[in-house]
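Per-chain numbering from 1; labels A, B, C and D assigned in written order.
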Amino acid sequence: MAVSSAPQTTNRAGLSKNDYKGAPSTLCSGCGHDAITSQIINAYYNLGIKPWEVAKVSGIGCSSKSPTYFLNRAHGFNGVHGRMPSLATGVAMANHKLNIIGVSGDGDSAAIGTGQFVHTMRRNTPMVYIIANNGVYGLTKGQFSPTADAGSKSKGGRANEQRPIDICAMAIQLGATYVARGFSGDPKQLLTLIEGAIAHKGTALLDVISPCVTFNNHEGSTKSYAYAKEHEIRIHELDLIPHFEPIEVVGEFEPGQRREVRLHDGSFLRIHKLEREFDPTSRSQALALCVQAEERQEFLTGLLYAETDRQDLISGLNVVDEPLATLPDERVRPSKAALDKIMAELM
Amino acid sequence: MAVSSAPQTTNRAGLSKNDYKGAPSTLCSGCGHDAITSQIINAYYNLGIKPWEVAKVSGIGCSSKSPTYFLNRAHGFNGVHGRMPSLATGVAMANHKLNIIGVSGDGDSAAIGTGQFVHTMRRNTPMVYIIANNGVYGLTKGQFSPTADAGSKSKGGRANEQRPIDICAMAIQLGATYVARGFSGDPKQLLTLIEGAIAHKGTALLDVISPCVTFNNHEGSTKSYAYAKEHEIRIHELDLIPHFEPIEVVGEFEPGQRREVRLHDGSFLRIHKLEREFDPTSRSQALALCVQAEERQEFLTGLLYAETDRQDLISGLNVVDEPLATLPDERVRPSKAALDKIMAELM
Amino acid sequence: MAVESILPKAQGAGEAYSGEPRVNDWSIQVATANGSGSQSANLVLLRTIFNMGVPVGGKNLFPSNIAGMPTWFTLRAHHKGFTGRKKEVDLLVAMNPETFETDMAAQAPGTVMLYNTDLKVPGQLRDDLILYGVPFTRLAGEVSPDVKLKKLLTNMVYVGALTHLLGLEMAEVDKAIRRQFKSKEKAANLNIEAVRKGLEYAQANLVKRDGLRIERMNQNGGKIIIEGNHAAALGAVFNGVTVVGWYPITPSTSLVEATMEYLQELRVEPDGKATYAVVQAEDELAAVGMVIGAGWAGARAMTATSGPGISLMSEFAGLAYYTEVPGVIFNVQRVGPSTGLPTRTAQGDLLSTAFLSHGDTKQVMLFPRDPKEAFDMAGSAFDLAERLQMLVFVMMDLDLGMNYWVSDAFVYPDKPLDRGKVLSKADLDRIGSFDRYLDVDGDGIPYRTLPGNEHPLAAYFTRGSGHNASARYSEKPEDYHYIMDRLTHKLETARDYVPEPESSDAGNKIAILAYGTSDLAMAECRDQLRQEFGIEADYLRVRAYPFSRSVHEFIARHDRVYVVDQNRDGQMRQLLTLDLPDDQHTKLRSALHYDGLPLDARSITDAIRAQEGK
Amino acid sequence: MAVESILPKAQGAGEAYSGEPRVNDWSIQVATANGSGSQSANLVLLRTIFNMGVPVGGKNLFPSNIAGMPTWFTLRAHHKGFTGRKKEVDLLVAMNPETFETDMAAQAPGTVMLYNTDLKVPGQLRDDLILYGVPFTRLAGEVSPDVKLKKLLTNMVYVGALTHLLGLEMAEVDKAIRRQFKSKEKAANLNIEAVRKGLEYAQANLVKRDGLRIERMNQNGGKIIIEGNHAAALGAVFNGVTVVGWYPITPSTSLVEATMEYLQELRVEPDGKATYAVVQAEDELAAVGMVIGAGWAGARAMTATSGPGISLMSEFAGLAYYTEVPGVIFNVQRVGPSTGLPTRTAQGDLLSTAFLSHGDTKQVMLFPRDPKEAFDMAGSAFDLAERLQMLVFVMMDLDLGMNYWVSDAFVYPDKPLDRGKVLSKADLDRIGSFDRYLDVDGDGIPYRTLPGNEHPLAAYFTRGSGHNASARYSEKPEDYHYIMDRLTHKLETARDYVPEPESSDAGNKIAILAYGTSDLAMAECRDQLRQEFGIEADYLRVRAYPFSRSVHEFIARHDRVYVVDQNRDGQMRQLLTLDLPDDQHTKLRSALHYDGLPLDARSITDAIRAQEGK
């Protein structure tokens, strides 16, 4: 919550920031992924979500190691390469009371994990889905990933020949209901985007440009820290007004220069328009913006698309209120009479 | 070649239609896939391509059985479910002289094969890629596939809850260079689209609505023959002018109502505009059209996108002119001196 | 004589049969095309014989195709209960012009052939068969002129002819048809009329020239008719499955589709809300991923698939093994390798499943033999999976899954669900410590907690990479050893938890060891060995892998053990070889059957007697 | 005494060594952090010893992490050529503050420890070790004040100290450094200066109190230093690979990356065009799909991967088996199950690879022991794959693939490439018939044609579903049997084509059987058994699966055969058990090592002597 109140030592759940931390990071010092971790910690803390009500899921990669580094008191599952979404879907089905956060990489989600990524977007599985996007496979030492821009240079100086996958454009096209792009070097905006993602019900996809300082931070790379810092264009300024905070009246914006997107938990995102006339609740505008950005080679950040009235996967399944995982025997085993009846019919 | 000359018994390769046929189909009688097969036969025949210079590849499904039913004199490979594109890529790498045609289904390419589909579009692997799209898994008896429209009814009467995947929109978004939608019930247009696809160099993706008469041809289905027949909107009329045929002068169109897309082999597609102002060489127009069609639930057919100047995968690899597969030993085994030099360096 | 030219008069002509009748001991094969609707007729036939109290079994042999290709239905009735497939056909019902000649050619002299005189088939009729010709198409046309309906009714006409020839009770046929068409009374009446047409025609025109006959018995009390896939589905639904992730593949599809139907019927609460969640995944990798995610979060989760799906699940199966997550996978086996024969049966995935995934992985398997056991084992599978914190593979096959079986009725499972070693917040309060991967009880099985548990000690991190007893990342040799050796120990413990084998041990030197659907042919096989070759063989039916200790003991008591496998490589024999003490290996012999058809007793009898030198 | 407080003076103090020198028989362990650039220093050390003609081996033990985590380099020099890993460290170079205490604690009394006195490490130095302290950081700082450079140079300073302590020839150190930094002369000079700093400091301050010494020998003539992955890459490039589809995974990545480099260097024609095509796939399923597609179209195609990738390739591997398509897969094994220990070594994928894919599938494996053999077997793999029309798995491991090995130089392969049974148009003109899956030659291997062949008989349809000898779709039992039994026969034929085992058989009763990198420790192990326990053991090294017949013969000649496996489950022993006649099984014993570290002789010696009751 970028519009935050005075410093405090505990949040509304009565927990301190420490309760949201994880094990010390073992990533390279300066890795963008650690910056994302920090904002994840801040977001859950700010929103006062109890960490044990969160489930952390990831694939394989440097990025996928991140869940170890936040929310120690949440269960975490570091699965296999590219398959985080299916694990997350299983968790959501088993216990829809959990807040699920998945962390993945551009290799994990846009290479080996493409299929699971695509179908999770389509299903609108309720989860926060963060892709720490550095344009390379960090953990295997710097091969181009499918998000590397055409012409971007490898550490060895080779230019990438492939057209990049635009994760956000794909997600919007496929039906994800909250799609944003952030930058690990823009912590304030990133925090807001993560908070919004947590407050959203459905798949909240965050493509966070997160420079790999070891293998993709050189001159000629379009995913280096310097490049991203220099080229980032925020399509708007954002604030999250959490559902538990009284709305302050802010008068400093021109009318028509501001709009709000109401999220499921009652929070809303307040959008202050910048240069472009752009409505993030329009799928076709969002897609057009992405195509344009690709053509102009622009690095846009902000909330690209939000659709808050679409049913998520679990709502569609119409399950009982309690987690399925722990329903008592009598609610998951039909009666003897029921079996007898079936047997009689088959005799 | 829809604008075709008088009936003839052999084509310019001196072959008869029979030389392009395959084994008798074992699909359900009336299956849309067989109608596609017929136009594939016609297209190769019309263009006078020698069948043994073609390689046929497919996945698993009723649709993927089709390659048995055309071009008996071409080698064919019916692989595993959803993995036709990687086989095709391997074939293209091994022997880039072959004309590759892949046939797949909506389950094969948009469910289990999503990853391979996506990355083949990105790579622009030179091949004709036909998806016989019936909105169901035919071979496993009628489950919804990911292209089933939201609200479309199953044979048992259940409505599909998922948002559909628009194969063409995905392909355009990802970088395919020839993207068209056809309908098995519109043979004339389909023939032209296939001919254009064959003449194109790069990935030519054809999403052909091809009703499953056994499991998805009922009232309430948006992939039934009747529905498609009734709802098809051709975005334009098309002719293929093959490179070996003199261009006829046709005067019956208003100026500005016609344009041509020149294909790699010197053929071109002549487009007669219909209702919409639409330029199939503009990626953003093509995407916008798809979004609009989805919103309006329109079934559009025609050439959605063509990009004829992008390098295909094989050109990018800069391989020798001859097929790699059969290069003689001396061209694929460096000299003894080369090994000795390396050994000396390592000593 | 070409079939086209046969006159109705000639079809039933000849001497009336005067030999001994062959009562309740025959096999029928019906040759049709798939998609022609013969399934109803065949089921009516099966049901009628069942209702007459005679042991009976039926099997479909169908192509991997939707419509128009040849299909056969084989039915076996036997007073001693030998209802497995029999190689020899006693009565052929030839309805398919495409296969008419080969079907006819395949029969032994003296076989009965009932055929459709309206077929346009070139070629000669064999005169060493007992022929009955009936104008099925014409008779059906008399019931309904509608082309589509006529095609369907044609099949019912042969039921009528068989009613006459075998002596089926028309009242039971009537009942079976009404049951088949349930609420659709009009359809039922039309079908009954078609049967009557066939019956009357046969009565009037066919002189009975063979000995095949049915006589009422009383063997089917308390029995049901059901496909194995439906049985497994019921087992899951009655044993608390809550999460299903799946991807269609023959022959497992109907298992999940039945599960969905039963869930909808039995597991929706009064307020309309479901105590289950089913998602059709985009592929098998996602399906098993959902199962593992759900299992990790504490749910009873399952999927069903067949060979190609199992292969695709390989990487995830290793994750579940090493991270110790429960889940149930029904592997309804079909013929491999690769796509193989998708609509034919085999037990060909034992080795690949036992060693599914790289790097010292091992998996647990159960082997149900019939629908009753499919029901029971679906339950045991969930209990075992949660008890052992492993995937459990229920190794069905197409024969069990997709054929209608006469089975004992299922018994309501009244033992509480075994949810395994899960620690609640209260438990943690009491114990005061928690190490996810520590062997506390000395059985190799650690404790776990579920996400959502708010106890400060509850949360842990699950990873498929190296970890120590406290679930922390570790590459230390001693930590690696600890976990790996404990996993071995856990698999040893599993021997005590898995279903015990069933055996009949009369102290003979020779024994037969079989598993799964092979069991159906084993009584007959032992009977043949005894009657025809004087070979007395004991019998053991393996029900699970890892093997119970009593499997070892049984083998130790015998000199030669014939291991029956429905695969080329003798996979069960191989697993036994790897498990038994080395000095027991010479006892094992293979008796194999692997052509895609359900096992018949004769193949095994032959394999054994040959190796016994008889 | 806390390290922080050690005075330079104290570090080399004490009595000068007066015992027997230990010449050319010691192991060094260097403890650093990964990403700290110690690799260069270690290579210089290795190269210097190599150049002094002393048998030597070096191994990296590194974490699955990019930077900052502990790493160890172990180096073993031995006059008899025992250069495998040794459990005991003779000389520890302690550079990593994080692991300082545990590294020190792990050593046996009397071990030499060279350490950085500039480290800030709490705790006491052990007084039962032979300690040499050197202010490495300060000395490096004297060479360059640049922080980054200083960090790198620190490592070179210990090379200098060791030069003094061991008696390395400074001229060779100099040469090794110049070679290491090739064209970068400035860097080379800086590094040499750093070495000199260390050397001079040591000469001035350290009294030699241990016996470890080097003496020039002449054992490395005609030898090279290379990583196994580079060797395999060269093997592929010199044996006609044309298509590579791959997906990165440790420890196989460098195999493909080296292949790409060599291809670029050696396989581009004068007009700049390539005789190869490499595509980085989106995953392993696509990578192997490309290989199979290319193999089908006639190319020599390869991929490289490790356990998780192998598991993912399972479905496709079954397709290749059943459709008989060639391809080469390098499996650079790491520790499983699942993600396991990605940067540790194992031989854990034998069973899952042998049975990769469902339904009676079997695969071919080769087991190279060192770089020379990796080079040779890369060639054999392509020949075998095309000859057998199968996938061939080259079972490397991390130890071989990613460590620098001293190896015999590679011999140029001058036999023509064996492209197998491929029929051209001319062949078909001559023969006049073609049945893709027919066993014409009685060896189980059919003929094939390639796409593009214009002969009217050439085209056939390849499918993973049932097919007959003419490649037509078939579900017929007899067709299925024919193909499956021919495939079995083909695997029998393979026994004659795969590389023969290597053995040394002196007629002893006991034998050791090992494969792959285990070989490196076996001479030492046999030496230990002989010297210390009087056990004389023969030796056989298996080089391929299916096994050559001579493997059987060797085992038949012995009473007890110890099978050395770098995995928990004794996987090679299991494969042998499944292959040998039953009465040979009691001969097999396991000697296992599975903690992720390269095999050391002692572990196996201990396992064997214990089972021999010594």
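Quick note on the criterion: a contact is a pair of C-beta atoms (placed from the backbone, for glycine too) under 8 Å apart; a residue touches a chain by one contact, two chains touch by 3 or more.
What you are looking at is a predicted structure, and each value in this text was computed from that prediction instead of being measured.
Chemist: Between B-D and A-D, which chain pair is linked by the larger number of C-beta contacts?
Modeler: B-D
Chemist: Among the chains here, which has the CA centroid at the largest distance from subunit B's centroid?
Modeler: D
Chemist: Just the number, please: Cα centre separation of subunit B and subunit D in whole Å.
Modeler: 44
Chemist: Roughly how far is subunit B from subunit C, centre to centre by C-alpha average, rounded to an integer in Å?
Modeler: Computed from C-alpha means, the inter-chain centre distance equals 40 Å.
Chemist: Cα centroid separation between subunit A and subunit B, in whole Å?
Modeler: So the centroids are 35 Å from each other.
Chemist: Multi-chain contacts in subunit C: which residues touch at least two other chains?
Modeler: Residues 64, 282-283, 308, 315, 319, 323, 338-339, 463-465.
Chemist: For subunit A, give me the residues that contact two or more of the other chains.
Modeler: Only 80, 111-112, 114-115, 118-119, 123, 146 qualify.
Chemist: For subunit D, which residues are in contact with subunit B within the complex?
Modeler: Against subunit B, the touching part of subunit D is residues 222-226, 234, 237-243, 245, 266-267, 269, 272-279, 281-283, 285-301, 315-316, 319, 323, 409-410, 412-414, 416-417, 449-454, 456, 458-465, 473.
Chemist: Which subunit A residues qualify as touching subunit D in the complex?
Modeler: 26-29, 60, 62, 80-82, 111-112, 114, 137-141, 143-144, 146, 214
Chemist: Mind listing the subunit D positions that touch subunit A in their complex?
Modeler: Per the stated touch rule, the residues are 35, 64-69, 247-250, 253, 280, 282-284, 308, 338-339.
Chemist: Would you mind writing out the residues of subunit C in touch with subunit D in their complex?
Modeler: Touch residues, subunit C against subunit D: 63-64, 307-308, 310-312, 314-315, 317-319, 321-323, 333, 335-344, 346, 348-349, 351-353, 355-362, 463-466, 475, 477-478, 480-481, 484-485, 488, 567-569, 571, 574, 577-578, 582-583, 585-586, 588, 594-597.
Chemist: Mind pulling up the subunit B residues that touch subunit D in the complex?
Modeler: These residues of subunit B touch subunit D: 50-53, 55, 57, 67-68, 72-80, 83, 85-91, 93-95, 97-98, 115-116, 118-119, 123, 313-314, 317-321, 323-327, 329, 331-334, 336, 338-340, 342-343, 346-347.
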